[in-house]
Amino acid sequence: MFLRMIKGTLFRQWKKMIMIAFTIALGASLATAMLSVMLDVEDKVNQELKTYGANITVVPKESSVLNNLYEIEDGGSGGAYLREDELGKIKTIFWAFNIVDYAPFLNAKATLDDGSEITVVGTWFNHHIELPTGEQLDAGVVSMRSWWETESGEWLDEQGNADENSAMIGTALAYKLNLSAGDTLHVKGTKSDVTLKITGVYDAGGDEDDEIYVQLATAQKLDGLEGCIDSIEVSALTTPDNELAERAAKDPSSLTVSQYETWYCTAYVSSICYQIQEVITDSVASPVRQVADSEGAILEKTKLLMVLITILSLIGASLGICNLVTASVMERSGEIGLMKAIGAQNGAVSGLVLTEIFITAIVGGILGFFAGWGFAQIIGHSVFNSSINISPIVIPMVSVLVVIVTLIGSIPAIRMLLRLSPAEVLHGGR
Amino acid sequence: MKKRKMFLRMITASLMRRRSRMLVALLSIAIGATVLSGLVTIYYDVPRQMGAQFRNYGANMIFTAADEDFTYDDVEKGISQIDSGDIVGVAPYRYETVRIRETPVVAAGTNMEGAKATSPFWSVDGQWCSAPEEMLIGASIAEKYRLSVGDTVEVTYTPEEEAEDGEVTVDNFILFTVTGILDTGGSEEDYIYMSLDDLETLTGTGGNIDVAELSISASADALTSYMNKINQNVGAVNARLVKRVTASETTVLSKLQALVLLVTVVVLALTMICVATTMTAVVAERRKEIGLRKAIGASDKSIITEFMGESMLLGLLGGIIGSVLGFIFAQQVSINVFSSSISFRPLLVPVTILVSIAVTGLSSLMPVRSATDVDPALVLKGE
Amino acid sequence: MSLLELRNIYKIYGELHALDNVSLKVEKGEWVSIMGPSGSGKSTMMNIIGCMDKPTKGEVLLDGVDISKESAKNLTNVRRDKIGLIFQQFHLVNYLTALENVMLAQYYHSMPDEKEALEALDRVGLADRAKHLPSQLSGGEQQRVCVARALINYPEIILADEPTGNLDEANEAIVVDLFHKLHNEGTTLIVVTHDPEVAEVAQRTLVLRSGKLAKEVINENFTGQIKFDHE
């Protein structure tokens, strides 16, 4: 009989029930969408922040990079180099998956025909790497120097028609030498010389504007440094540092075994640096504070912002559902007065009303979950051009929320219904 | 005239005497309005607040000498072209090659407060130097010379132009105390940093600087216009944007703003639908009353007018409450997330109120209309 | 010319003939009761007379004008101008005071006039309860507010549907007395009821059975005097 009564309400009062289900679905979809976006926003913004370039630099142990900020003087690399054949190993570390991009650099001193000295930088542009794991990756400065603008010509395309004489030239140098894309330039290195074909002129807004960028092998040949590189820039997705990470960065051996494991298995910039040092012989990997610290701050703020917006929308959704449940239960005072008049106990009445509402809530909640999943994807695709991962924790969170909210929404209504005296209702007091 | 009085009397009676029901409706409208005004305020404030966070990336404009000479006075002239509220920090730098233990080292003279503001990412082990004859040294320098915090070291400088009569040039030197070791992961680790005054004393020459770094909190367009203005009006200064910082900031910031916008739109749409369903429920509850009014001779139009008047009044109240709560919410968010207060947007108040009036009005219009279609006899008999 | 005339009225719901060829005349100032068991078509007739429903077939003449084909909107106007309704369930707006409920009828009719509304409440003996909400009034008092509301616009006909159905005897007496008073003032009254005691005080009682007019009883003892003794 109980089931029959519930079926009766659900089918005969379907309009009202649809409205409750609809509101719950809305609330649930809002909760799902916001929670999913909130939980994934860190990863997404982290990806975006990669436009700031590398957050880790790797240099030989013997001497750190001695490139000056403002072209004051160059102390030279002191004869210590990293090995080109070890580059692939960076993608084999524990946090390999978090390494989004990296590029080696070799600065070669070269002279022009008029005797003036220039810096020729050998690097990867869009180098195709096939890793031992079978993974494939396109890495290099095309993506790591996303702020460079090509003034004329095009990016040097390693996988396309570029040969080893191709080069890109900075806008300041191009202006000085009156060169543009398509021109050639003869440069002489310490060991050999080469006539470079300029594929493009870039504007970097920094001191790279006075340099020439060529493929790694070309620069190595100029100075006779085959297989050598000066430095590696690595762009990695990292977790903002905390106190543990700071302590570990100073001295990993100061940690206890379990702290060490936590640290090693978390994508802190310091642990990624540590792991890179493990695979690259005689290297020092250090975070580029300008990028790493700022990333941390921005990620944290974004996440906090999203958390607060999520809380606001969850409160909004909850109150909306509560409201409607209250309003629609109160509407049925007549029917419930009748049930009480013919002898229904308070418990039975509440049980009936609650069961009906919960069946409705479950249906609404499930629909809302999928709608919310859709909303999250819309947000992901239109803002970040990638889909939002729905973490499994969203499902229990939304379910608990829907149950609690529905329950809270029913309480005032049920209290009111229980206070009703059947006589009052049936005598048409209202 | 009297009819209007009765109209108002009915509406206020409905609002006041059906208090619990109306509170339910009002609550939902107020929530909607809160979400609207709160999120829109945040949406407009995000670029400014987030922009401030992006200043962590350091300087986004650099002044260099247009010709040979370039002094701090020229920098100040340049700064005067920029809205003072936008300036986060200015640090002048002068670079000289000095010697520590007879090996050359690049020394930078700067204003420490300015450096702290333009390069917030500098991590100093020890203290920033504040008194004369104190200095910061880069981590590579510290390692190379085995220096640590608290050590003292003699820095010498050989004046260049004195050598003309064949006299032995006398080296200048100052005994510096190392107050901190600088760790940046960049080339700054190869320099030593001291105050401009100390560097002037050391070299015996003053005035000129090599470069000034500016950190300005402004959009890419505003930065470009500042740059052009400075290059036009201040002859001695050549202003340049640090493209890496400005270009990336624009990319990321626009994504973030798009994110907040989209979230705002989704949350708003859903909240508005929530308000609408609540209003529908509240009105649907009163079908019987509508039937009665029709039975005693009310025209459809007058019933619709009354109900609309009532819901619009609710919308007005909800909108006012929502504007206040929304501002408080946005303020809390701003203080918690960005530790700065938010600017009040007066225009948002009427907009919030109008939107909530429109939403409540429209969402009660439909159920009222459908209720007036009903035969009064059926409504009065039924139940 | 009769104030109200029904000519061969049919109301058919599918197979069911709720009213089956009913004709009726009510003169101005008359007091008529309509009686009958449940399902006899009382309510249908009341709805048709009260301009809340239209017959399937037949004519309804009010003041000589056929209203059976009028649009719902015009029926609303007719109802507003010519008919005062009293319901079994009272149907007062529960958030308006007694006075405001009366004024509501004025508001839809023409102009709300607080003084006049108070006078109407005074006539039903409720002047001192004007500021009370329906929930603060007894059933009898609520029904009296309903009467005051029905007569405030000086309707041609007051149509009461089971006016005493929800009242105890004492209150029933008060309401019936009110009807006497209204009748003496010249108001046309049509009372639908299944309570013989209420029905027989009228001048004429029509009995409906299965949608047909079964019997018409003229009350020969009708004096127009107050019969119940109260207070």
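When the chains are written out, they are named A, B and C in that same order, and each has its own residue count from 1.
Heads up, the rule we're going with is that contacts are C-beta pairs under 8 Å (C-beta built on N, C-alpha and C of every residue); 3 or more make two chains touch, one makes a residue touch a chain.
What you are looking at is a predicted structure, and each value in this text was computed from that prediction instead of being measured.
Of all chains displayed, B has the C-alpha centre closest to the centre of the whole protein C-alpha set. Chain centres computed from CA atoms place C at the largest separation from subunit B. The centroid of the Cα atoms in subunit B and the matching centroid in subunit C are 70 Å apart.
In this assembly, the C-alpha centroid of subunit A lies 74 Å from the C-alpha centroid of subunit C.
Distance from the subunit A centre to the subunit B centre is 21 Å, each centre being the mean of its Cα atoms. Within subunit C, contacts with two or more other chains are made by residues 89, 94.
The residues of subunit B lying in touch with subunit A in their complex are 21, 24-25, 27-28, 31-32, 34-35, 38-39, 42, 46, 49-50, 53-54, 56-58, 93, 95, 97, 106, 119-123, 140, 183-190, 210-211, 240-248, 251-252, 255-256, 258-260, 262-263, 266-267, 270-271, 273-275, 277-278, 280-282, 284-285, 329, 332-333, 336-338, 383.
Here subunit C touches subunit B in the complex through residues 43, 47, 50, 52-53, 73, 76-77, 79-81, 85, 87, 89, 91, 93-97, 100, 103-109, 111-113, 133, 149, 153, going by the rule given at the top.
Looking at the complex, you find that subunit B touches subunit C at residues 2-3, 5-7, 9-10, 13-14, 16-18, 288-289, 292-300, 302, 375-377, 380-381. In the complex of the two chains, the subunit A residues touching subunit B come out as 19, 22-23, 26-27, 29-30, 33-34, 37, 41, 45, 48-49, 51-53, 56-57, 64-70, 72-73, 75, 146-149, 203-206, 286-294, 297-298, 301-302, 304-306, 308-309, 312-313, 315-317, 319-321, 323-324, 326-328, 330-331, 334, 375, 378-379, 382-384.
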